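One chain, subunit A, appears in both complexes that follow, with subunit B as partner in the first and subunit C in the second.
And then the complex of A and B:
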């Protein structure tokens, strides 16, 4: 059986989650590997959430927020962006491939873009193979 | 600690979910999770019997947590929270798993979809264990309303509210009230005078004691929240501080500019005019060509800028009937004229419209069809010997023949598009735009005039192109909603604000720097941060920046989200093995 990646996607309530809902109401099809967790704002997404996802066995983590300038809370997405760069460095230091994590802006009207993003990211993570963090952590502890 | 007793409900949504997700299997499997007391599936959870089922179970099985796995929480989260409340449970002891918009409608492998649904429900069950009772918060409602836009939509909303005795601030960016409706002669389908209707309303608005009009004014910034907004607007060099409880956005649309469409030669041929320019001729009482003659041949071209991949994909909804109205007006004004309708599809929906189409087609009008996607008509200058001054070449779709139509006047039925400042307005009032820069309503079917920002309503063309009756209907619907909140005097607001645990707060003030609303201040005496819950909007940015974990974002706490992640992944990995 071929390897199916498990992906956690953190989506802000106002733009990206609504965009993902729009993909649904428009009956667009995308990979079922993407599992969505809703937060009010991408500014709420803590590095700890992303790291926990990897630690608990996610092969990829997708983060989506409103486009720059469109944040429902004015600037939470900029805070998210800063943390994303920080987190990327941290993942590199941990010896992880940073391509397992991705940040994209998806607006409430971009159902199609979300569906395409979901497929594209799933394919990329599939090609990277399984993430071994969970196994490694379990061996160590 | 009290024992956790969770009720899990998996919705079929008719066949919407059950077609792609084995709902019975999901309910069966999740019933084994720790803390789950009962797990059921039902045809329509949101229906009255569906909600009654939850209420009955809460009472019978002493449930203290509920998970509903159904559509998007953006649609029915409030419905189910109310059901919990009716059963005497705190409404926040509830979590929804979205297995319709984000599972059954987007996947086409039943086995995979069922597995994903199980993982999402497991995540919700794990999360709901960490939920805590939250107290309701209400705010008082300022009875004044800000209406942005002085067209028929804004005027209708302003008058409705003012007539109930509530103050209205009406903001108009131009120097005149009336908007697009004041620029047209007759309305379709009954050919009543637009001017008479709008003029009477403008006069009433201008003299209404409860309406304060600010012409030549734009709103740059709005602060506050439902019930308690304020904005400072410039007026004759001085600044006025307005306070209001609700906002109606009625900024309308503008006509499409056809200059970029070479085939129609707008700007090149003086007798190729737009529909609004033709209205001007009708209002002046003279339908004359550029040379001052009665046109013998008038061609009305439909769908200019609409329903075409290169301009706007959407239908502007008003142009077909307006074109029929012109044919009637032309037939009365110049009985001998040859009148042609070059159309793509005739869209005659709505009361009285199909009847207008039928009656117009009996008045000797030629209807010629073209392919709007691939083969548009082309306007050319006529040869010196021709009896007209322009020729329109088109492939007539129904006969399959290539034809030339003589024309002395061409009316381009231009579509409607968003104003350039739509984005700016959306930021000012805090609402979203759709792909065509129309303002997005909260829900296209269930809540078509509210927006995702409480207290902000969208009415008329700025939400999407529509005719006058639909615009007025929307304006009145929004005002009914606003009057409801004014009458109650207060409204419930979200309680998912941030809260500081003063015992752990180290006073670093990182949260103060990241808060976009300056809702957090520093208590010098205690040496801790303090959240003003009236200003906090619950984005949670402070919560993720806090180094000690002293700030908690209510209903989106670390424990709640981390448990959701863990629940999701453990179920997902467990099912992978199978």
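And then the complex of A and C:
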């Protein structure tokens, strides 16, 4: 059987989840590798969530929030953006390819964009192959 | 008083991959050491007393009441002693940052055995080793075979190797806290549930910190402690210096901060936090006063070594507990 990546997507309730919902109600097809977790705001996405996803076996993590300036809580997405750059630097230091993690802004009307993003990210992660964090962290020698 | 002698508990202290500071912190109780000796028989303590591993091997199982194990597990000797002491001990305590979280030796998980050996035995500036001689686990000499412990690729905390009853954090733990815990054990008081962290608070350093904090934390550049003129009063984070206080358990008496140095995080994360670095990244992100990607990256780049700063004492116990690339490079070497 060919390799199917597991991707965890954290979507904010107000823009991105609604965008993904629009993709669904518009019957757009996109990769079923995306496992969506809805959070109230992209500012709620702690680095801990992303690291835990990788440790539990995710091959890619997608983070989506409202476009800058459009956050339902004014500045949650900026906090998300800063955390994303922190994670990028940390994961680079831990020897990981940071293309496995992606941050994109998706508004409630961008169903099509979300479907395209899901397909595109899935393909990228598929080409990277399985993520080895779980294996490396659990080989205790 | 003579009657009490019979009720003495048996205490063992051992060091794994450690600097010796934890053993010294036990001596730092000063004259209270007499109280310890009055209440406990020291049956094993390599730094201070001449007992052999064989003496421990010959003890019946669960003969030792309390073992304070300091140091991480990084080679086969550490692992053997961790297993042996677990077998012989009723209450096994991970004492100090290294056995609790991995500590400073745990920073080796950014690298691996191969790289460490290359650096230590070949490329250090003071090394002259043209024949590239490295330690072998076994070596034959005229008198017989000599052996050395096997150096592992990965550093582990004590509870990643054996079952641990309690944890006492700190680098080293504060001697006062040790006395409190020790007195509690000796007095036969009811002990907290297994797996508890003793001798520390549940809340963060900030809860105890005497420095003035405001809501107005906005940072455009992070600085190292020597780059600021500390006013001795204001929260370090507000002055742009990374202080691990928000993601570190209180209980040490904020000694570093009282000495005008920011917290480095040796007491590990508070009870409600599983990964100190992730929490710290989360917290610090909120105080960066920039919203544009390039500007944010610039601020983050002013932190020299985020992984080493946020996980200084806790790499092996963190979620991503080692460097993935170096883990893959793990070669089957004859040399160990």
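Just so it is clear, the second predicted complex is superposed on the first by the 140 of 141 C-alpha atoms of A that agree within 3 Å, B and C clash if a C-alpha of one lies under 4 Å from a C-alpha of the other, contacts with A are read in each partner's own complex, and residues count from 1 in each chain.
What we mean here is this: a contact is a pair of C-beta atoms (placed from the backbone, for glycine too) under 8 Å apart; a residue touches a chain by one contact, two chains touch by 3 or more.
None of the values given here were measured: they were computed from a predicted structure.
When both complexes are overlaid on chain A, the residue A:83 reaches subunit B and subunit C alike. By the touch criterion stated above, A:94 is placed in contact with subunit C alone, subunit B being left untouched.
When the two complexes are overlaid on their common chain A, residue A:35 makes contact with subunit B while staying clear of subunit C. Taking subunit A as the reference, the larger set of touched residues comes from B, when subunit B and subunit C are compared.
Contacts of A:137 after superposition on the shared chain: subunit C is touched, whereas subunit B is not. In the superposition on chain A, contact is made by A:52 with both subunit B and subunit C.
Contacts of subunit A with subunit B, set against its contacts with subunit C after fitting on chain A, overlap at residues 46, 48, 52, 75, 79, 83.
For subunit B in complex with subunit A, the residues that touch the partner chain are 72-74, 98, 100-103, 105-109, 112-113, 115-116, 119-120, 123, 427, 430, 432-435, 440, 452-453, 496, 514, 516-517, 537-541, 543-545, 553, 556, 558, 561-562, 564-566, 568-570, 572-573, 576.
On subunit C, the positions that touch subunit A within their shared complex are 110, 152-154, 156, 160-161, 274-275, 277-279, 281-282, 284-286, 288, 290-291, 293, 296-297, 300-301, 305-308, 310, 319-328, 330. Listed in rising order, the residues of subunit A touching subunit B in the complex are 4, 6, 8, 13-15, 17-18, 20-21, 23-25, 27-30, 32, 35-41, 43-46, 48-49, 52-53, 56-58, 69-70, 72-76, 79, 83, 107-110, 115. The touching residues of subunit A, counted against subunit C in their complex, run 46-48, 51-52, 54-55, 68, 75, 78-79, 81-83, 85-87, 89-91, 93-96, 132-133, 136-137, 139-141.
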